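Got some structures for you, see below.
Here chain A shows up in two complexes: once beside chain B, once beside chain C.
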Partner chain A sequence: MAVSPEKAPTTAQSSTVQSPTLKDAVIVGGNRIPFAKAGTKYADASNQEMFTAALEGLVARFGLQGETIGEVVGGSVLKHSRDFNLIRECVLGSSLSPATPAFDLQQACATGLEAFITVSNKIRLGQIDSAIAGGTDTVSDAPIAVSDGLRKALLKASHAKSLGQRVKAFASIRPADFSPATPRTDEPRTGLSMGEHQAITSAKWGISREAQDEIALNSHVNLAAKYDEGFFNDLVTPFKGLAADQNMRADSTAEKLGSLKTVFGNSLSAPATMTAGNSTPLSDGASTVLVSTREWAAQRNLPVLARFVDAQTAAVDFVHGHEGLLMAPAHAVPVLLKRNGLTLDDIDFFEIHEAFASTVLTTLAAWEDEEYCRTELGLDGALGTVDRARLNVAGSSLAAGHPFAATGARIIATAAKLVSQKAAETGKPARALISVCAAGGLGATAIIESAH
Partner chain B sequence: MTDKYTAFVNGGFGKSLAKKLGLPQPAKLRRFKAGQALVSGPVLVVGSGSDADAVATYLLDGAGSSESIDVRRQAVEPSGSKWAAIVVVLTQVTAPGDLSEPILALGSQLRSVASSGRVIFVTRPAAAGLSPAVAAARNGAIGAMRSLAKELRAGATANAISITDDSAATSPSALSALRFFLSSRSAFVDGQIVAVSSEAGQVPESWAAPLAGKVAVVTGAAQGIGAAIAETLARDGATVVAVDVPAAGESLSKVANRIKGTALQLDITVPDAGAQIIEHAVARHGGIDIVVHNAGITRDKLLANMDNAKWDSVIAVNIESQLRINEALLASEHFTNAPRIVSLTSTSGIAGNRGQTNYGASKAGVIAMVASTSPLLAERGGTANAVAPGFIETKMTAKIPFATREVARRLNSLQQGGQPVDVAETIAFLASPASGGISGVTVRVCGQNMVGA
Partner chain C sequence: MSVLTPANRPSRVVELPSVPGLTALYGKAVLPSPHDIAGAVSSKLPFGKSAVPTVEASTLRLPDVTYLVRGVKGEPSHIVDYQRLLGEPVSDVLPAGYVHVLGFPVAMALMVSAEFPLPVMGMVHLRNSVSVARTIRTGEQLNILAWAQNMTGHAKGTSVELVVEAYADEEVVWRGVSTYLAKGKYLVGRGDESGQIDRAEFSAPLPTGRWQLGGSIGRQYAAVSGDRNPIHMSALTAKAFGFPRAIAHGMYTAARALSEAGRMRPDAYEWTVEFAKPVLLPGKVDVSIRGDAGVGGTGAVTYAGWNGKSGKVHFTGKITPLG
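== the complex of A and B ==
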């Protein structure tokens, strides 16, 4: 694109190839299927079916039938080995041109956001002019593997050259080898579940039960209000008879949330605060977001909601160090803001993924803590306070559900529409900060802003 | 939805059994497929005068296409074939006595009409101010056509085109209607009169894609008749915006992807639905030319048991939303280039139906609405019309109890239910640029249903 084929040989001889100037990567829109509670509406749906459905809804919304997209990138956290080319297979089963390249990537719960960052960077560099990023996850149709003992015996038998060797291989199988290995959300290095990890972090920061329930209640109320006003009409396409996120409880109250039993941190010395109400439920779903250059969108008469500004990932040492498992975004955001000359006050919408209500609260508390910001984040003082009126205003994972890899594109599309609407109302640019924590002490964050 | 009875009596044992027992023998109707010839055999043009000559010449010239049509003027049975159509031109009758020669000539040829053949009367309206004898002759022609439609067998139909005295027999809309009735697109339209009220309209460059370059919006497009309308308009060349409620989004996206259109999830009863529809069509596709108000609901209940919710929701969806969207369209600078509005009404809106006071009110309202909207669109070359389906084989009618359904579906001259595509074809005909002289009317797609006739 930057180098024309005719000129390339001569310029290459006389000087180095010029790097292209950066282009804007803009968000055209998104589509997802409603998120379902695990084991219910989508119990029989595979990741491939769900992502294909999300893709087809996107194609229908934007008239992309037969279109060759620059790249479709996404993934899933709980993935069958047969789904090695999951996203490419979804493309082949969609109405997009079969000449559309695709690949899978995975960064635990940050998969969707990382896919968006990846394609946005490619677009900015001029490597592609359009992309679809997203993710899908199903707990209902999760892969169940055979035990290592059985697996090794089966492999040995298949490699056997004689009957004797084969018999010997099968003879090594023990009854215990028949118990299947189900996927776990526990951290491999600590053996603790994510909830137990977060319970430790919550206790350390002294996050109250009431504050967590308030975050959860706001999530349900905000999400329901946006459904009522038709905000999701062009973000969600029903699937298998489900028209809205199944976990959403428009009639939730502080009393109802307050009556739930605690499920994590019950063995800690501090009082347990985390319940099924202020922790995300296991869910199934898929989401997509359409990203392109401004020119690509204009040529197809497509809207432009927002532009990608920048992104930052981080990781923390939760195994040997003292940092909490889900605290990486707290580290990434100050770096991201500083590089772009921004402060928390420059952000109109904070989209902080609600893995648990307390994840949001510990992150906010960390940024307000002068000591922590100085010693852990290397700042001069506290990063600042997040205006709660700007936090997850369209609801987040506590209400919508959290099919791991599908959360990123859900948030990006929602945030893009929020900044677009705000800019249209005020006539001024609007900005959103997106933050997603992930297993393994990972975190991905990004900033987008209105693009009018 | 399949009609097993019709399949049974159309072959082998079922055919002979039905014949012996004198049971109804509905024919398998010829339906349109892309690339199909306008007519599949010779066409007889009956009647004398300059209008009859003009119609015959038009057909002889291929009816606006490169097809060659075997057109004859002598009422003599064609050897080795049957009449694909008989066109009876009666525009110049002046007294009832003038009807006898052409209509008896038609009668002499009825035994030679092919399966799914067509009889088309071309007439002038018995308008006020005419001499009583002229009016009687003209209306007499219509009366004869209606009775003949009930006599025809084997899927043949009879219809009339009534052309206002100011317009030529070969004005764009007269030709549009003539082509529609000749073709298999009008399979389930029987015993109807289409009024041509002006010379407005533009003959398309290609009758194979009469809607090329047009942007059409179809509400309720996720399934059934709406999906068929979206598919038919797309087949005729239009770019289609498929609209339905968000809850129907899954099937809506499938329809949109099949026809390379766009899906717009929208509840048409919200106050700014019209603005949202216009915005989407203009921003994405550069304009808005055709709006088909297909979305509708039923909430049947005897009036004595009717509650507010059932009455109000039907009125809100079936008529109030259409009125509000039309207001936005009329106020829009984008809906000015020979625009088309086609609304779905129902035979229940014409004849009434037990348990449907709410539905009947809404659908009768639609009929009057298009009539009143028509003059408002006339100065921009636009039209507003309605289509009234009779018994159509859909998921909705499949839920009617067996006995009631069997009676409903046989109670018309074609002795069968229509298909969603039959409604869609009629809408595509009214939406076409050539039909600019047909406005304010309601066309029934009912196989000449006895109800509301």
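== the complex of A and C ==
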């Protein structure tokens, strides 16, 4: 039943509680550990150890020892069942105040970005005045589960009320039930790996091998250049003998990338184009970003790199081939730009997560395609062209690696520093668009801008 | 009103007290059938039985009888097992493929009866067509009718259709037509391969999925369908019938494609499948399951499965709205 305004129940106050005006959520800085290739430097490190290391680096950098932070939010994609409170456990193992609340969040590869969006929104609403967002993932220390058959038998046995029931439960176990279930990167509903899905999308859009290798080469060259100029000195803390991202190859060349064998799309009728060089490697790592109100940062004499502008998520129907698995950001960005009265030309830095080089290229191609933009995105015409000189200028996941949940905070901290530097150089505001695709046909996007 | 009207069938109805057990039926099927003799008569292949006296031509006809079993329904836990294996939602909706499982033994009983002129063992499932008039719920009691029709000459033997109709009260809610080929048996002369997939013509579309079928999928589907044909159970038992390894049940592949069409399925539809090269187990099958929805679309779903390496087609099919 609808309540008419006249008959609305009255509380102690005669009027409704006033909502607070929105505050700015600003990015103070970030810290991550270098990303390692799976099964190497961090082979024996757990998610908890890696995230704690990234968190402790952030605490040390900004003098947060003993501080009660408003909330710490993060997650991991490949997670042990014992890690149900992973981020809270990391907080308890850190030098932050134990009174710091925390929670786990997961949205596949968009986990880190979603954590940042979540805490930024809370800060904007005035619910908290400071937060740390991030993520961690390890392929090396991934959980291995017992098979469904064994698990169901063990559960039945533990619920049994008599010896007979218990014996019956154990008797149902078959030899095949003892083979372990390892986590898979295949999409549950299609059985295709993410690489195979992207190979199909690449074939649809006719993305060339050369264009993909060029994206990969730029990623390595740009990341290496930023390391050389010291850009990452206050964003990365060495861990377990690793000082820079292990996958980065400063000496990579188009010839070397062009000589690699294709690994995805080999059974399609279209020529295969995707290699280990233009696809992200399996990686281990953790990252964090510190977000707060302007006041909170000012009280502690902390820098302010950028402010959160807005965010948009999207999802696409990929199960029956209507849309590519990793194309959701292509749908989210036009909505995000329009709501904020912006166009692609208003963006100084495009941080498009390189799940695969071709993911970046199919996204750009989609925005340039008039018919696609009209029929799929509901626009009047093409969204526009991304200036390649503004694309992933500090390298991205192809060079840095991609520990799934750790990628979001890596990008946010990098982008925040980029817009801050640009604004300092030009005296004008600078903006970055962040786009992360994720399993399940998901995508998260956000805009940040320089804070002055 | 049902979108299905009862089909023409033999008017003589024999009511069976219950759905026969498939294991016992397979036992009957592997015994040499007296109709092997009939087969030798009209077969051009040297069966080495030419000394056998000529059999009356009347035995070359399909049995003029409809089998009936009343009050058929699945066991709830068995239905859940089926739903889980095929990826159907665990709900009170009885999957169309499960009705095939319910009706198959009745058709099988007809095929192993003395009146049936073709040998059941080694028969190849060429195609299947199921019409669903409306959503059937798990608790519904179904009356199952089964008969054989359209014995036709085929390039490789003789094909025959086994029809199963499921009634809820007086209404036909489900009808399945399964076309089988008795290889090397030329009862009604040689025909062509009309209606078969032109295997040379098939060119693989971009896949929408890939099935990784384990070595045990034949045994798993056998457990939910009751179809324990040895060609599906293990490499060893399949070898006895000339297959290098066990092969997946055709109806498993068709029912899985139907399941994966998910929300694209309307309430009333026709679901067809044509089988080509068998899927050897374990194996990978690239699949395309696409809907023609949207403005001007027919609402039909087209699907196909093929070997990603060789490009050879395993099956193609369609789900078309009815009514």
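One rule holds in what follows: the second predicted complex is superposed on the first by the 439 of 452 C-alpha atoms of A that agree within 3 Å, B and C clash if a C-alpha of one lies under 4 Å from a C-alpha of the other, contacts with A are read in each partner's own complex, and residues count from 1 in each chain.
As a convention for this text, a contact is a pair of C-beta atoms (placed from the backbone, for glycine too) under 8 Å apart; a residue touches a chain by one contact, two chains touch by 3 or more.
Everything numeric in this text was worked out from a predicted model, so none of it was measured.
Under the clash rule set out above, the superposition-derived model of chain A with chain B and chain C shows the two partners fitting side by side.
Using the contact criterion defined above for the overlaid structures, shared-chain residue A:G66 touches chain B, although it does not reach chain C.
Applying the stated contact rule after C-alpha superposition, one finds that A:F51 touches neither chain B nor chain C.
When the two complexes are overlaid on their common chain A, residue A:F264 makes contact with neither chain B nor chain C. Legend: residue contacts after superposition of the two complexes on their common chain; A:Y42 is shown touching neither chain B nor chain C.
A count of residues in chain A touched by chain B and by chain C gives the higher number to B. After superposing the two complexes on chain A, the shortest C-alpha to C-alpha distance between chain B and chain C comes to 44 Å.
No residue of chain A is contacted both by chain B in one complex and by chain C in the other. For chain A in complex with chain B, the residues that touch the partner chain are 53, 56-57, 59-63, 65-66, 95, 230, 232-234, 236-240, 243, 301-303. For chain B in complex with chain A, the touching residues are 242, 246-250, 252-254, 256-257, 260-267, 270, 283-286. The residues of chain C lying in touch with chain A in their complex are 203-204, 206-212, 216, 260-262, 264, 286, 288-291, 308-309. Taken together, the chain A residues at the contact with chain C in this complex read 176, 189-192, 196, 200, 203-204, 267-270, 319-322.
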